[in-house]
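Two complexes are shown next, each including chain A; its partner changes from chain B in the first to chain C in the second.
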Partner chain A sequence: MQQEFSKEEIMAVYPKVAETIADALGSEPEDVKLDVSLIEGLQAESIDFLDLVFRLERAFKIKIPRGKIVEDARGDLPESEFEEKGIVTEKGMARLREFLTEVPAERFKTPMKAAEVPKLFTAETFCKVVLRAQKAAAASA
Partner chain B sequence: MSAPGLFDSGLAGKVALVTGGSRGIGRAIVETLAADGCDVTFLYRGSAAAAEEVVAAASAGGRAVTGEQADVRDSAACAAAVERLAERAGRIDVLVNNAGVIRDGLLAMLSDDDVETVLDTNVGGMFNVTRAVAPHMIAKRSGAIVNLSSISGQKGGRGQTNYAASKGAVDAFTRALAVELAPRKVRVNAVAPGVIETEMSQAVREMAGDEQLKSRILLRRYGEPQEIAYAVWFLASRFSQYLTGQVIAVDGGFKME
Partner chain C sequence: MAGRYAAFTFCDRITAYQPAKRARGLFHVPAGLESFPACLVAEATGQLAAWVSMAHIAFRGRPVAALAAETRFLGEARPGDTLDLQVDIEQCDAESVAYSGAAQVNGVQVLELVDAVAPMLAQDEYDAPEDLDAFFRRLLGEGATPDRFPGVVPPPMDVLDLDHGQAARASLAVPEQAPYFADHFPRRPVFPATLLLDSGIRLAARVAETHSGWQARAVVPTRVTHVKMRDWILPGQTVELRVEQQAASAELMRFALAAVRGDRTVATARVEIAPQG
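On to the complex of A and B.
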């Protein structure tokens, strides 16, 4: 499958993203591996994502609309097709696997509650968030 | 660095944002925080002349005091004003959500506009400004948010369904946000004034009648804006560092009917 960003592009922003994650979560920088789940590996809480996004905006001088990650993860899929009664549908899971290519396959456990989707997010997920925001800014400049 | 003195509020050099700061209680809050050494930015909706007066009075002690025209119902305007302040000052330590309006009337007589204006300003405005400010406080792992509630939130009066509902929401918001932000060392409290002598409460006082109203207040008089400002100042200061999620009534001992 065509990757959205090359390894080089990811690695170009990774050091600063990792440092920002460590600052936001109060973790040791060496614990912020590219594939670490922020919630399960670094004990992040949902409010930490707000803090992290805020810090990334400042560190990279970009704008990341609130709720953007989950919205992007869902893609064109309407909410009603993405989840049913709080559980991610099969279509939704397929979309997540396609979008979150950085997440190891074994972490996509079914049935997955929609509220648990952020558990999938890794440091690399946030590298991609930064790259997407940079791309959007370049496109609109 | 030496420990702060026993009577040092810790507010000197802090950066505060006050909504609805050009009149009444808001003005007293702006002046009190500035007098204790805060740099204060306040939002106001209406009169630029009144705002200029507040800037002149509050900055007399040498602190930077800025008035910004913004309607708290406009979330984009709030976000922009907060960003400008953060850019200018580098941080925001204290937020006072004071902006509020009253449109009293019996429920059946309230227009859509009476309901919407009160809820959008008193509740929506608090959401708009707090949402923009909170990330700055979370990032610094410190901050104090003080919301202006009202005695009406707990002891509703006739003709105040819209206002009472909005202030009940302020109380609930205060408690919920205190839970959310406590792990990030941001405190959230509210002050619930009783009947205060301001332009805003004039109609309420006239409608209820002075004697009748004062007979329900243990101290037998209305409060002054400054008496509310003192409570807000306390909740913004180091003196209340072990206090969060509380709604403090400053009402002269207002009795329920």
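On to the complex of A and C.
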């Protein structure tokens, strides 16, 4: 599968993303790794994601619409097909695997509650969020 | 409800209003109060942003204090003063509001609030949307009756230990009932974040006063940064406040502040304290 962004593109934004994650979570910078789950590895909570998104916006001078990560992950899949009664459907899981290529396959456990999707997010997920926002800004300029 | 729009509402009139963008408002601090804590000036500024953001989404959601990058305390608001509040909304939708703001007294800035972010919660769980809408229209029109605010009695704080100039722990017992719960919030009372910060600042000030180089000097908070509220504190709950000095000089002392309930950290912030004058 073709990657959305090259390793070079990811690594170009990673230092600032990692620094921003450490600031937002009050973590030690050395604890932030590209593949660390922010929730399971760094004890992030939902309020930390809100904090992180605003900090990334300021650090990179970009706009990241709220709820954009899960929305992007869903892509053109309607919400009703992405999840049923709060559980991510098979189609939804396939879509998540396709979108969150940075997340190791063994972390996509089924059944997965839709509310638990953010547990998959890693530092690299946020690098991609930044790169998408930069790309969108460049396209609209 | 007794105390509604009085016990913890800090706007008498909105004097300028650009929907979803900016607003100015006035609040007269009743002359009969003993004092008006700096944190309530921040609360007043945040509440003006809340009115603007709630109106933008037809009062379907309400913002709750969660993140504030920086609050600068630049001066005092005394009983009898009128706060001239202003807010600039950076972003506002059904999910969250991001804003900055300031408060002036007699043309002099007393507070600056930088990069505050509040998630929106379902309004009808906390308050009556139609009542808020009606009160907002009143604020935009003739205004509310001034001098409604009766003052706030801070919850009792029991200092558990104090390491001079370094650190302290205190137990803060939030009462089961208090007038401010009439406003914060009528359908689901929650201890206001600004009152929690006020207690944390007072504890930090007590530690600063015992610093060997600062003894016998009055101290004031100058800045609060990195505010993050992680969970509600409900009526009747007790939290442990912890302050720990991170840096000290002749002119400034910086503390890390945390509020802990059981094994859960419910709030964190950094507080700077300086000698007065």
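Operating definition for what follows: the second predicted complex is superposed on the first by the 141 of 141 C-alpha atoms of A that agree within 3 Å, B and C clash if a C-alpha of one lies under 4 Å from a C-alpha of the other, contacts with A are read in each partner's own complex, and residues count from 1 in each chain.
FYI, a residue touches a chain if its C-beta (ideal position, glycine included) is under 8 Å from a C-beta of that chain, and two chains touch if they have at least 3 such contacts.
Every value quoted in this text rests on a predicted model; they were computed, and no experiment measured them.
Asker: Between chain B and chain C, whom does A:Asp51 touch in the aligned arrangement: first, second, both, or neither?
Answerer: both
Asker: Is A:Glu116 contacted by the first partner chain B, the second partner chain C, both or neither?
Answerer: Neither partner.
Asker: Chain A residues touched by both chain B and chain C?
Answerer: Overlap of chain B and chain C footprints on chain A: residues 45, 47, 50-51, 54.
Asker: What residues of chain A sit close enough to touch chain B in their complex?
Answerer: 24, 45, 47, 50-51, 54-55
Asker: Would you pull the chain B residues touching chain A in the complex into a rising list?
Answerer: 134-136, 138-139, 180-181, 183-184
Asker: Okay, in this complex, where on chain A does chain C touch?
Answerer: Residues of chain A touching chain C: 26, 45, 47-48, 50-51, 54, 58, 66-67.
Asker: Once bound in the complex, which stretches of chain C touch chain A?
Answerer: 66-67, 93, 95-96, 98, 115, 117, 119, 228-230, 268
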